[in-house]
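Shared between the two complexes below is subunit A, which pairs with subunit B and subunit C, respectively.
== the complex of A and B ==
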């Protein structure tokens, strides 16, 4: 369990993170989403103990992370910009990892070699950007961490590799309850594997929820009535957004599907359709509801 | 086993629940047959195991499957409660379809003959199976 409590971080008097409190359960894949400059990377670096927060606490299984090698041995962070020692081959890097991580699994490293198909005698610096990222994943998966923290992990990977990496990730989550924290601004990328999402904006958590619950709680509704729209209905529904398309109204409504349906149907609409929203749409409307400017959040 | 639409608006766990219901109702997976384990399914389909777990829990609470500790999840033999719930949903769909048909000019007689046709093709099918089996 990763537990953050009222974490604050400043850079040169500028507040970057403001009272961040949330938890990540073991075996969960948590998607940390947000705009550019929202503080995602800073937050990740605090969680893995690279940066130190000014206020608040970060605990992993009840232990502090910062300068705590016992905890750090069990977690791997793949940063946005990768780092390998200059002139090191994959094999040498693997040896280095083996020394650092007690849970390193050499057998797995050999197994994964077939999957990634890279030459271990070659220097990492000679590889392309995407291949280097593959090396990072290869090393991370071989180290068998309990916690894997990924910053924009899929950038630069082709669709085939992306799928392979996701599959490996899922396997480790299913088999050994690995906890994964992924930051991304690409909503489609995380929508299919995360079970929990948190939205970070301007250094604060705006929203944090089970992804399915999030989707079950907000709907796109198309309705048309014989006469005009009953005012009482609009009052009873929690409408986040409204659009008029001829006589058909498009509403974004919050609430449980059955309740919304029952309420709307009691007014006997001539057209009635209810659709779930995509994560991207949820973003747009939730942000709109919170008074944030959509253009600033979606990239 | 089956395909899910990861790009669909419908939550993945709901899609899973619906697919399994369909398979159970059509008896593709039969009573007391074991469902794939959460791990295998997660691995095969690249779906978050927690999502699958949730779908199984939902199926269990709706009475479609039961789980044995340490053994996995199994299909529940025909359950009264589950079919009742399904019946309500189907009735709703039927209502919508029939009202649309009436609007489009179908007559009561048309619908009745259609009903007859459906009854013969599905109900008849089962009876045929049984009689041919006993012969």
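== the complex of A and C ==
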């Protein structure tokens, strides 16, 4: 369990993070979303113990992270801009990780070699940007961390590798309850693997949701009635958004699927469809109600 | 303390991979500079080129010194470069390593890289010493001194670099700031002395400047290793300061905010110190630049320009842009504070300029031309302490007159006057002035003509004739073998006449004439030798010498001179002899004087050294010319 409480951080007297409070359950994948400059990277660096917050606390399993090697041993951070020691080969980097992380699994390292297919005798600096990112994942997965923190992790990966990495992530989460925190400015990139998402905007958490709940809770409905739309129905439904297309109404409705269907069908519509919503649409409607223009927050 | 087990093998490996080359270069440099040099000398037939009593630093000192100053700082910069680059800093600090572990790992790795070459080199020097029996070249103590000196200086510089590395977030600033810090105490002291000298009339900058200023900077002080004059105690001090840097850097690393990588100064509290420190230094440098300008406006301009540029540079470094025009608020505060300090100095609130001690409170007073003879006082100095009440009063009177006349514009004929009062309560008061001597004759004459002062100026006055073995007259133009007085009776007569002459000597006559070029040497029975200048103005003595037939040899007369050549100075600079020769060869503005009366006039003239645009060369028969600089006035009297 990663627990943040009222975390504040300033750079040069300017507030970057303001009262950040949230939790990440063990064995879950948490997506931290936000536009550029929202404070995502700073927040991640505080969570992994690189930076120190001015106020508030960051705890993992009840222990603070900053300068705590016991916690940091079980955690790996893959930053946005990767770093490898100059002139180090993959093998030398692996030796380094093996020496630093007690949970290093050499067997897994060898096993993953086939999957990534990179030459371990080659210097990391000679690889392309995307390959270097693969090396970072390879080393991270071999270290068998309990917590993996990823900052914009899929930039520069081709779709095939991206799929492979996502599968590895999901597999580790499923097999050994690894906890993953992923930051991204792109909702679509993470919606297929995240259990939870939080939106960071101008240094504050704007909202936080369980994705399964969210998806179950909001629906797009197409409906048409013989005569006019029953006023009682509109009153009973929690309609977030309405569009007219001829006689067909398009509603975004909040509520459990079965209840919504039951209620609408009781008015005998001539057309009735319940359509799936993309995560992005959900956010657009959810947050549009809160007075935010989502396009500005999520690119 | 840390546990040995916390040393991570791979971190150490990484350190050696990235900075090990510095140690290798240092080792190769040392081996080439020292043992290989010795071997080279051994294999040649020439005698050794350096003396063993001066120690091992004499062998290729320049190479040793350059490496000693560059290597440790370079090592500190590279070892802690990971702090200055965001990607590296993020990576390293995300690892499960405490900052303490990282710090000690790096520092101890660095120490091994730095110390190993030094120890290996010392070992090689020892092996050479034993296998070739080099005891005539150097001793084992020399190796110890070399080891101690090199280790203490390099370790101090290394830890200074480590400390600065913790304070800054930019590698370039890291290097520059390390050397600035190492020079700062000495530099700011010099600059402050210069400024005080400008603002406080009577402040003796030379006196304070001579007081072991080099000790304030290890960079300057390490030059003393060359002649082994850096004491072992200083080495311990350096090691102690190094240890303090080590501890301090360790502590502040714990509080470093890693997001500050890339900033010139990482800690907020240090930013104003850096900013205003640089402004102050640059302001003083600006004032120094116009130091000798007679116009105060220029000096004030120098200070202001210096302050503005210092402040601007500091802001540029801190903000990392040259467009810092909006940051003027802090400067207004600084300017107000600096203006106030200058005003207080100018108003002389401490009464520094006006202070003259009451004669009754003075134990003794030193009067001389400069601080050098005061600080390096030896018994037969030309100037010395005056104890007599009358003289102390005369000095305070002179001092008061100087103060009431005030500082004067630059003009020819000024001389330096250095005063040091030693009070009865143990305090010392030091002043230095430039005075136009002729204006102060009424005040100077009583002092210089006092018997007490003469006894200081001419120590021979205190010598009893029976203690003198021999008296000889030395000149550049005559053989001295014949000019000897050794009979006790003759010595007694000579001494009594000389003492009469000296006692009666006026201040005017204390200055030798152009023709006075010899010395009288008194060989005492204690084996000591005392000299006084031989002058044509010693009436009693010269009378007697004439009777004895020694005068002709001891004094240069017009009879001894074949000619005098007067030339106009062409290009200033260079030794006076060369200047004269080149001007004499030019055939322009060259006058040759052969008239005896005029030569006599020249020989009897008194001229202050270093003034005027003319030279005279007086050619003794069959000898090299005596060359002086003379005034236009004298030239006019001789050439017409």
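Keep in mind that, in the parts below, the second predicted complex is superposed on the first by the 299 of 299 C-alpha atoms of A that agree within 3 Å, B and C clash if a C-alpha of one lies under 4 Å from a C-alpha of the other, contacts with A are read in each partner's own complex, and residues count from 1 in each chain.
By definition in this document, contacts are C-beta pairs under 8 Å (C-beta built on N, C-alpha and C of every residue); 3 or more make two chains touch, one makes a residue touch a chain.
Just so it is clear, the structure is predicted and the values come from calculations on it, not from any experiment.
Enquirer: With both structures lined up on subunit A, is it a clash or a fit for subunit B and subunit C?
Expert: On the superposed model, which is not a single observed complex, subunit B and subunit C fit side by side.
Enquirer: A:248 in the overlay: touching subunit B, subunit C, both, or neither? Say first, second, both or neither.
Expert: Neither partner.
Enquirer: Tell me which partner A:42 touches in the superposition: subunit B (first), subunit C (second), both or neither.
Expert: second
Enquirer: With the two complexes superposed on chain A, say which partner A:277 touches: subunit B (first), subunit C (second), both, or neither.
Expert: First partner only.
Enquirer: Let me test your reading of the model: by the given contact rule, A:81 touches which partner, first (subunit B), second (subunit C), both or neither?
Expert: Once the two structures are laid over each other on A, A:81 reaches subunit C alone.
Enquirer: Is A:239 touching anything from subunit B or subunit C once the two structures are fitted on A? First, second, both or neither.
Expert: In the superposed model, A:239 contacts neither subunit B nor subunit C.
Enquirer: Once chain A of both complexes is superposed, is A:50 in touch with subunit B (first), subunit C (second), both, or neither?
Expert: second
Enquirer: Going by the contact rule set out at the top, does A:72 touch subunit B (first), subunit C (second), both, or neither?
Expert: second
Enquirer: Once the shared chain is lined up, is A:173 touching subunit B (first), subunit C (second), both, or neither of them?
Expert: first
Enquirer: Name the contact category of A:216: first (subunit B only), second (subunit C only), both, or neither.
Expert: A:216: touches subunit B, not subunit C.
Enquirer: Once both structures are aligned on chain A, how many angstrom separate the closest C-alpha atoms of subunit B and subunit C?
Expert: 27
Enquirer: Which residues, counting only subunit B, touch subunit A once they are in their complex?
Expert: Residue positions touching the partner: 6-7, 9-14, 38-39, 42-43, 46-51, 54.
Enquirer: Please output the residues of subunit A touching subunit B within their complex, sorted ascending.
Expert: 27-29, 163, 166-167, 170-171, 173-175, 188, 191-195, 211-212, 215-216, 275-278
Enquirer: Inside the complex, what are the residues of subunit C that reach subunit A?
Expert: 8-11, 13-14, 17-18, 86-91, 93-99, 101, 254, 257-259
Enquirer: Given the complex with subunit C, which residues does subunit A contribute to the contact?
Expert: By the definition above, subunit A touches subunit C via 11, 42, 45, 48-52, 67, 69-73, 75-77, 79, 81-83, 85-87, 95-96, 98-101.
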